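Alright, structures below, take your time with them.
Note that subunit A is present in both complexes that follow, paired respectively with subunit B and with subunit C.
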Partner chain A sequence: MSDRFKIGLLLFPALSIIVVLFFGGLLVGLMRSFNYMPVIGLTQPDLSAYVSVFTDKEFYLSFLLTFHIAFTSTVISCILAVAAALLLRRQFIGRAVVNFLFQLNLTVPHLVGAIGILYLFSQSGSFARLAAEWGMIAGPSDFPALVFDPYAIGIILQYVWKEVPFIGVIVLANMQSIGEDYESVARSLGASRWQAFRHVLLPLIFPGMLSASVMVFAFTFGAYEIPAILGANYPAALPVLAYRHYTDVDLAARPEAMAMAIIIALLSAVMIYFYVRFSRQRVRS
Partner chain B sequence: MQRNGSLLGSSFRFLTGALLITWLVLPLIPLAIWSFAKGWFYPSLLPKMWSLKAWKYAFSDTSGVLDSLWLTIGISLAATFLSVLVGVPAGRALGMYQFKGKSAVELLILAPMIVPGIAVVLGIHSVFISMGLTNSVPGVILVHLIPTIPYMVLVMAGIFANYDPAFESQARSLGASAPKTFWYVTLPAIMPGIIVGGLFAFLVSWSQYILTLLIGGGRVVTLPLLLFNFATSGRNDITGAIGMIYILPGIIILILTAKHLSGRSGAVGGFGQI
Partner chain C sequence: MTHVSLKQLTKIYPGSIEPSLDQLSLEIASGELTALLGPSGCGKTTTMKMIAGLLEPTAGDVTFDGRSVLRDKPEHRGVVMVFQNYLLFPYMSVAANIGFGLKMRKIDQTEIDRRVSEMLDLVKLPDLGARRPSELSGGQQQRVALARALIVQPNVLLLDEPLSNLDAHLRFEMRDLIRNLQQDMGITTIFVTHDQEEAVVLADKVALILDGRLKQYDVPSAFYSRPVDKATALFFGGQNFLAGTVNDDQFVTRFGSLRLSEKTPNGPGTLTIRPENIRIGSTADGRNSVVASLIDKIYLGTQTRLQCQVGETQLQVIANPNDVLEYEPGQNIPLLFPENALWVLQS
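For the complex of A and B:
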């Protein structure tokens, strides 16, 4: 048996499932978004779904909101994760506990975190009660709207809660395998602490940090259940909007849902491009 | 001066560490309290009365929570088993061989780890309708394979990259058949990878929401769907109890595998999806 044949045989089951389900799903979504489905008699592809998506104000608001959620969550998580990794590199009392909780958070599904954030930050939640206890607010409506709010603060808080450990664990492992020698050299040559971090450590951890961030961005852009629990009704996050259109009683809205799914897929294709670029860099360095 | 600085530094680290610990457990606390609360209204900081009602309800035969728990375990076990079955050979090909088109294959396997489920599941749903796979457990298991297989392949590729195939050829030259060689030589060597990869693939399937919601069509009610329904209908006490049950497997798996969970292993990448 030649190696080529053997490799093909080994890869066949996994690849065929992924190609059929994943790429098949994408392809069917793409076809339906163009109103093209010969099996059910739709033989004239058109752009009507895209036209109605791109002329709908709600779509633009939803896209901007979703981009804001993904971008803000990723940037904040990334900064806090690097800070946390820098902290966890040192010895201190409680380090083992932080380490354990980091890993624990990785296993807690986003949905549970979203419900927790809801109970903490809603207008009758734990923080509103604390504020009332301290006499800072007279009633629930005085508490600032942090969930179901137009700025998606609750959603971002949930993602930060969940993704700081995710990026942090990856960045910390990166730092540990790099070691501290390069920084000590820089320090002994007269670099300040900040300079040693900014010009020595940061460039070294950058590719790993970015490839983790790309995964976070793609996830936060496409997740459904978190904005469904914590988000405002209008505008809703893009995945929520797509789901609503898909399950609309009016079946004509389905191609529009498919068009939105394709837009999400295109954005994640861009993310894959960056992921591959950064992880190649990581391998090279 | 130096001592002073390091004392300042260590108390700063202790304080930020304490802050971090608080923030990390904070969202889970109201869930835990709610599950034992009997009416917990604004502005009480803690429930006035405690009760086990939510837990009794969750474990009663009529609530459907236990049925949902077994169903979720069954679906995740099946998805894990199938992922191991196809992920081990694929991981072997990617970990042990260099071949033309390898990076393209890696890209194909990586794509489902980054592209969100909602982007593919709508298309799958319209095909599954015609195949009679919607609203069914097999359909849900199939669609869970999209996130679990890439994950399993990645972990196994890492295992096979550090695997020495010389033992296999020695066993073969001593007269062992191919199945025997696999059973007595290969399998024990890669078992740790299968266990860790399998446990994490289980968690990936365990946490799926939108794939189950669409393909299951509301008929296949796994634990996350039940949790979502109770959370949005305002039954906070029962939500708390189901939430606690729902995170338990993750905690157990973490305790079993904590030492494998370093960011250096490819395994961690899969947690981006949970």
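For the complex of A and C:
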């Protein structure tokens, strides 16, 4: 048996699942987005679902909101993760404990985190009650709207809480493998601490940071459950909007949901492409 | 041109009890090329990093021209360190690597380009500015690292094992290049090496550090002719150590007395003579001569190594192959100990 055949055979179970579930799902979704659903008598493919999506004002508002959520939470998570990694790579007493605490919420599901945010930051949550109790605000309803708010602060807070350790762990491992000698060279050549970080360390950790942040961006752009729990009703994030169409009592709304899902996937891919390109240019220029 | 002084420089790393460097004091004259020599882990690189400001000493001081620089940040010391593995920035071109220090000083880009071009010529890599470090050989990377350091015209240049990653041919080439550039530019230079030959060939003065302590700081030839102790002599390839007593400029051993050329205090001591300094033959009056038994003879091409025995004392001799053609193992061989090659070690 040739090596190539053996490798193919070993990869077959994993690849078949990916191909069937991913490409199968994609194909079905694509067909339905073109209004092709023989089950309910739609047998003439057309672009009406896409036309309907692109002529709906809510779609654009949802897109802007989703982009804002994904971009803001990715950027904030990246900055905080790099700052945390810079601190955690130093030697100090209690470093192991801090490191453990830093990574602890990696094990906590998003949903649990979202409920935590809801309990803590909503206008009926713990902080609102405490603020009212301590006389900082007249009543819990005066607490600033951080959940179900138009700026999606609660959603971003949840993503940042969850993604900082995810990016941080990757960046920290990267920093530790690089060591500090490159920065030492830069310092001895006249670079300040900031210059050594900006011109030497950042470009070196950049590939790892970029991979992690692309994952975070793609996830936050396409995730449904957090915007569904913590987001405002209008405008809703794109995945929430797509799901609403999908679960509409009218089966004819399903092609629109599928068109929206396809659009989310395409937009995600396009934005990740530009994000990667732009970031590379910025960091390495 | 900067005079560098290290005063009782000590470093104890957190979590360690033993100092990695213990009260090192050195005076390095302006424009001098000094080698910090010693085995791995003896504190050489630690010393360099403290001079560069990349590590804080536990105690002691570093002064440049009499002024303490301990409070100066690394970027303000005027010290550039070239690391053993070059550490060229992999995402930058060769030209950008060389110009890095000038860019950090916010020098005009036209001026940077001009000086980078000069440096590339100086290190004999005129056409490689656009390449990436990964596209260069080890020797070329070393030259780029050197150019990157020299372009900022440092007061003090630190080289960490500059030749250790190069093959034999490139070593000779780089050794000459470093020596010539250092002499032309007159930069006070300190380099770290574990190779005594490298230290002797390159340096004006050598500081031998063993177990974090300075053993000897002297001109290279002194380590062969006047080692301070047995450990120093051993590090420089010394192999013959004879126990005995100094008595009125005579060293009395079990097999006879040897006349010393230098005034040496009376008392017990250890006499050393390098294998290459023992001659085959004897003097007319038999002074400083012994007859030894030849145990082994190994031909090494340009020289022959002899293992001899006098009484219970083993002696290693390195001789010209033509001088020992007639002697075979098992025969007696006359050995002469020249007075000026004998040295009594401090007890």
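In the analysis below, the second predicted complex is superposed on the first by the 258 of 285 C-alpha atoms of A that agree within 3 Å, B and C clash if a C-alpha of one lies under 4 Å from a C-alpha of the other, contacts with A are read in each partner's own complex, and residues count from 1 in each chain.
The criterion applied here is as follows: a contact is a pair of C-beta atoms (placed from the backbone, for glycine too) under 8 Å apart; a residue touches a chain by one contact, two chains touch by 3 or more.
All values derive from a computational prediction rather than experimental measurement.
Superposition of the two structures on subunit A shows subunit C fitting alongside subunit B with no clash.
Legend: residue contacts after superposition of the two complexes on their common chain; A:L120 is shown touching subunit B, with no touch to subunit C. With both structures placed on the common chain, the touch criterion links A:L101 to subunit B but leaves subunit C unconnected. Which of subunit B and subunit C touches more residues of subunit A is settled by the count: it is B. When the shared chain is aligned, subunit C comes close enough to touch A:L189, but subunit B does not. Shared-chain residue A:S52: touches no atom of subunit B or subunit C.
Residue contacts after overlaying the shared chain place A:D181 against subunit C, while subunit B stays out of touching range. Legend: residue contacts after superposition of the two complexes on their common chain; A:D3 is shown touching subunit B, with no touch to subunit C. Per the superposed model, the minimal spacing between any CA atom of subunit B and any CA atom of subunit C is 6 Å. Within the complex formed with subunit A, the residues of subunit B that make contact are 9-10, 13-14, 16-18, 20-21, 23-31, 34, 41-45, 85-87, 89-90, 92-94, 97, 99, 105, 107-127, 130, 142-143, 145-146, 149-150, 153, 203, 206-207, 209-210, 213-214, 224, 227-228, 231-232, 236, 239, 243, 246-247, 250-251, 253-254, 258, 261-264, 268-269, 271-274. Residues of subunit A touching subunit B in their complex: 3-4, 6-7, 9-11, 13-15, 17-19, 21-30, 32, 39, 84, 87, 90, 92-95, 97-98, 100-113, 115-120, 124-126, 128-130, 132-133, 140, 158, 161, 165-166, 169-174, 176-177, 212, 214-216, 218-219, 221-225, 228-229, 239, 242-243, 246, 254, 257-258, 261-262, 264-265, 268-269, 271-272, 275-276.
Contact residues on subunit A toward subunit C in their complex (touch as defined above): 91, 181-182, 184-192, 195, 199-200, 203-204, 284. Every residue of subunit C that touches subunit A in the complex is listed here, in rising order: 14, 49, 52-54, 73-75, 77, 79-81, 83, 85, 87, 89-91, 100-101, 103-105, 148-149, 152, 158.
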